[in-house]
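Structures follow.
In what follows, chain A forms one complex with chain B and a second complex with chain C.
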Partner chain A sequence: MGRILIVDDTLFMRTLLKNILFSGGHTIVGEAADGEEGIAKYQELKPDLVTMDVVMPKMNGIESLKGIRQFDPAAKVVMCTAVGQEQMVKLAIKTGARGYIVKPFQAPKVLEEVKNVLAS
Partner chain B sequence: MSEFEAYRGLFVAESRENHETIVKSLLVLEQGVDETAIDEIFRAVHTLKGASASMGFDEPERLCHSMEDVLSLIRAGTLEVSQPVMDLLLACTDAIEEMVDGIETGGAGHHGNTGQLVDLLRKWVDLGSGERAAGAGESFSPDPSEAEPAEFELPALDDRPRYRVRVRVSEESAMSDVRAMLALSNLDALGTVIATTPSRQAVDEGRFEGLLELEIASDAGDEALRIAASGTEIAEVVVVRIERHAPGTDPAVPAPPVTGREDDDRRSRDREKEKGREIKNIRVDIHQLDHIMNLVEDLVINRGRLKQIGEQHQIKEMDEAISVVERSVSELQNLMMLIRMIPLNQIFNRFPRVVRDVAKHDGKEVEFLIEGGETELDRSVMDGLSDPLLHLIRNAINHGVEQPEVRERAGKSRVGQLRLSAHRDRDNVVIELADDGAGIDIARVRRKAVERGLYTFEAAALLSDDEVTAILFQPGFSTAETITDISGRGVGLDVVKSSIEALKGSVKVISVPGKGTRFELMLPPTMAIIQVMIVRINTRRIAIPINSVIEVASLAADALHRIGASEAILLRDEVLPIYRLDEMFGPPASGGIIMVVQYLGRKCGVPLDLVEGQQEVVVKPLNRLIGSSRGVSGVTILGDGDVVPVVDVNTMV
Partner chain C sequence: MKEVPVKIEQNGAWLSIRLGLEEDHLVIPPPINRKILFRDVVNLDERKNLLILTVKGEPETVYRILTVEKVIMVMRRLILMLCNAYRLNAYFLSPAVRGGVLVTDAQWEKGAIVVVRTGIWFVSSVKQVCIPLLDVADIQLTKKEVQGRQTDVVKIDHVDAGEVVTSFVLCPISTLQILFNFLTDATKSIEMRGDELDEYDQQVAMLVYSGMDSSAIINMLSVNNKRLNTIYDKLIGLGIAEVVEIRREVKLTTKGIKYIADATKQ
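The block that comes next holds the complex of A and B.
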């Protein structure tokens, strides 16, 4: 079970994810509403894993991922994505994302991915 | 779906915000291509799509998806921002709003026009994409500089063990190519991938059938490679060592990675730290808030009751306890008031769209400015404010702002200006709507008033300009030549006036011929709990809102003067008309006291018998069964259970 930081610009998605992750026994150590805040929170909280939305205001998920990896090359970042964003996710993976989950979220899949990435 | 039922409220609230963002930014976009506006729309549409999909509402999801396609073409510059495109996108936002409305009331977001709108959007996509094949729906395109590092420059003499790895992605994976890419990326971290089938590029471009085969040179060992390649939605991983080098160099398998590295001590410390980072804001169902408000009102009433009982019995301990309760209740009440305050932007944000539609319909050009939208009002006031304001805005465009040619002839800019502003003025909130149109045509209003039989010709001629303006608010008066389908419908300013007065507010209109018209709405920030003076007339108790009370003076019988049919007194060089509440409550026994009340700068004196004191009360509206109750805005229940009418001062002066 890991300490997780959720980065997503919508309260709706954060709440949804939080409940799913919580139900899987994880601890949500923090939430961030945009990419910049995501980097700051990562440095502050040093979570085991980050769930990162791709499309966000101010700084998108890829840029935020870069920032986090600069600070911690071993950071475990899971991208939150949707069908139609394959290119973005591939770019994220090349940038160092360790996994991805697809909206609409299905709790078992989210938990499986998070577990796998935490164990990797 | 049912598992998401709990999120319905949250979904609706956030979708409304996103809908507003889309409309606002579309209107910006309409003025000319604006990168930020496009990004804003994109983000909002995208979020809406994601949330809809999560909730299982396919129609909004489908519509948003198609909107994204069109928007991406606009962003790429291949589709021009034209009026028909804008109209279509706005029509889509209307549909979205209706879908959200439906979802709020328990529906699944069905909308009769979704199919048609999606088809129309697709036509624009076909038109705009032309030779551009891919990319529709994609919000970003990968930066070529981010391309993978060259991996083919493999040293020929790599003496690390080689493995053949076969990865099969589960058929149920929504993005099997991405899974393959992830597996590939994980393997990259452990060694050098030599060749892949299909090629990396093919996977990157989405040409992937579910099976990835590759060769890798790595020191990590077959078990580590197997772990790296497996993962979510990976159905099968087979790792086979290629016997090429001398055996026996197989490196030790690294210990499986440990995740929870920190000791328990640090963990518990972290957990303590987390407490300070809990969620700062929550959304609350408005009905629950109303319920709490009712309970607080009951508490306020019973606090008064307790206080009176305490005064009768004079028990020290009880008085102390009561004063503590009193303080808490006051604080609770203040908090409750604050919680119920909502910024006016909640309704203001809907208006730019209305202005656009009405102006377009009328063939007018209007610039719409909003100021002070952050000013807060109680929800109960806000609820009743939207329709009257909407009416005034339509009215201002229909009747205030002139046609562009007319404006030019009058030496004004073609574009009319409509300014909606709000600010706090002591205890009130003032909302102004000002246009720079032709102003009210006094002569025409006078003529119409005679035509409608509201006044005789002679009486109308005697009216002052202010009085003529006031006719606008009389029932059955409308100067519109033709009733438009947007405003009009025979609903006049009288309805605006009565709605605002129902909120304990007032409407004032100031008009300068040729320069424009300004409507000024004065509203109390809240109307549920107010400070009143409790007074007695003829042994009956009456409550008068304290914000309209100016002073209380003693009234000598000989100070009263008769001026024609009415009475007046002279109070410190000021002549004040007298307003008697005799009709309602009977004549005062002594009438030795006069209370001076004011509304909109006009004052009058009300003769009373006794002033009991000041009190905070909960005003309950009168039931509709009682019928018209002009002069009384509601009733309140005092601590001793006495039901007391709260008078409406604006009907007196």
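The block that comes next holds the complex of A and C.
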């Protein structure tokens, strides 16, 4: 089970992910509402895994992923994208994302992906 | 003629026979004694190791054939390539997304799309995938990046074993449009206007989709049970959701309270 940081600008999606991850036995160590806050929280909390929304205000998920990877090249980040954002997914892969969840998502698959990334 | 061992249903009983397979027809030996041309097959459905063939005639005849996966693969391919159906050459990517998680090793496969009465079949040299039309949740004509270029594709979302699976079909735009129109027409019973649910209802529907139960939804949205039940009634009324379990809330009677009080004294 992992210590997880959730980065998403919508409270609804953060709450949903929190519930899903909590039900899978994970600990939610923090939440951030934009990419900048995501980097700051990562540095502060050093979680085992981050779920990162792609489209966010201030700093998007890709930039935030870059920032986190600069701080910790081994960071495990799972991107949350919408179907059709293949360009973003490609960019995220290049930038070092370990996994991808496509919205809307279903709890068992999210937990499976998180488990796989944590085990990798 | 190749012969394969199968069981075939006749009058509710299963008969073990050796089914004859030719390039364009199959032969069912006595006591059924029937030659079926593949071009006369108007529908092909599948349940696990059971193939269900509907053959044209007055009236149509339905044959249920039970056999091992290896034989089913051969039969399916022969039938799908010749049966009476809407068929087109295409590339397909299935599944591309399962339960919201990208299938990372998914690859475009060259093959054919065969649309029969009850489903859409993707057929390649190594794979045969069926999406029952009743399980189709959404169809969109959209763009997807293929080899670095934004390309027109048809995106099909369907439910498989309780998970939403996304597949893509790629072929020339004129054919895609025909496929899209055909599928839209075939699945119009699931179409909605889009304004039936308010934002709150949509949030509840999204949470149900994600696998949240009633108590999780009540906690997450700070909604009371009565309001949630009203929203559930709306979703059920629209055919968006169905009841899977009815839970009861109870409170202890005086006898129950006394029992617990006594038990904690010991």
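Note that in this section the second predicted complex is superposed on the first by the 120 of 120 C-alpha atoms of A that agree within 3 Å, B and C clash if a C-alpha of one lies under 4 Å from a C-alpha of the other, contacts with A are read in each partner's own complex, and residues count from 1 in each chain.
Keep in mind that, in the parts below, a contact is a pair of C-beta atoms (placed from the backbone, for glycine too) under 8 Å apart; a residue touches a chain by one contact, two chains touch by 3 or more.
This one's a predicted model, so the numbers in the text were calculated from it and none came from an experiment.
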item: Partners on chain A (chain B, chain C) - clash or fit; value: clash
item: Residue contacts with chain A in the superposition, chain B compared against chain C; value: B
item: Which of chain B and chain C A:2 touches, first, second, both or neither; value: first
item: First, second, both or neither for A:88, with chain B first and chain C second; value: first
item: Partner chain(s) touched by A:103 [first = chain B, second = chain C, both, neither]; value: both
item: Partner chain(s) touched by A:48 [first = chain B, second = chain C, both, neither]; value: first
item: First (chain B), second (chain C), both or neither touched by A:119; value: first
item: First (chain B), second (chain C), both or neither touched by A:20; value: second
item: Contacts of A:56 with chain B and chain C, given as first, second, both or neither; value: first
item: Stretch of chain C penetrating chain B in the combined three-chain arrangement, among 25-33, 97-105 or 115-123; value: 97-105
item: Common interface residues of chain A - those touching chain B in one complex and chain C in the other; value: 12, 15-16, 83-84, 86-87, 89-90, 99-100, 102-105, 109, 112-113
item: Touching residues on chain A, where the partner in the complex is chain B; value: 1-3, 9-13, 15-16, 27, 29-31, 48, 55-57, 60, 62, 81-91, 93-95, 97-100, 102-105, 109, 112-113, 116-120
item: Contact set on chain B toward chain A in their complex; value: 4, 7, 10-11, 14, 39-40, 42-43, 46-47, 49-51, 53-56, 65, 68, 137-143, 146-148, 174-175, 177-178, 181-182, 185-186, 204, 206, 227-228, 230-233, 256-257, 259-260, 270-271, 274, 277, 279, 283
item: Partner chain A, residues of chain C touching it in the complex; value: 97-102, 104, 142-145, 155, 163-164, 166, 203, 206-207, 209-212, 216, 219-220
item: Complex contacts: residues of chain A adjacent to chain C; value: 12, 15-16, 19-20, 23, 83-84, 86-87, 89-90, 99-110, 112-113
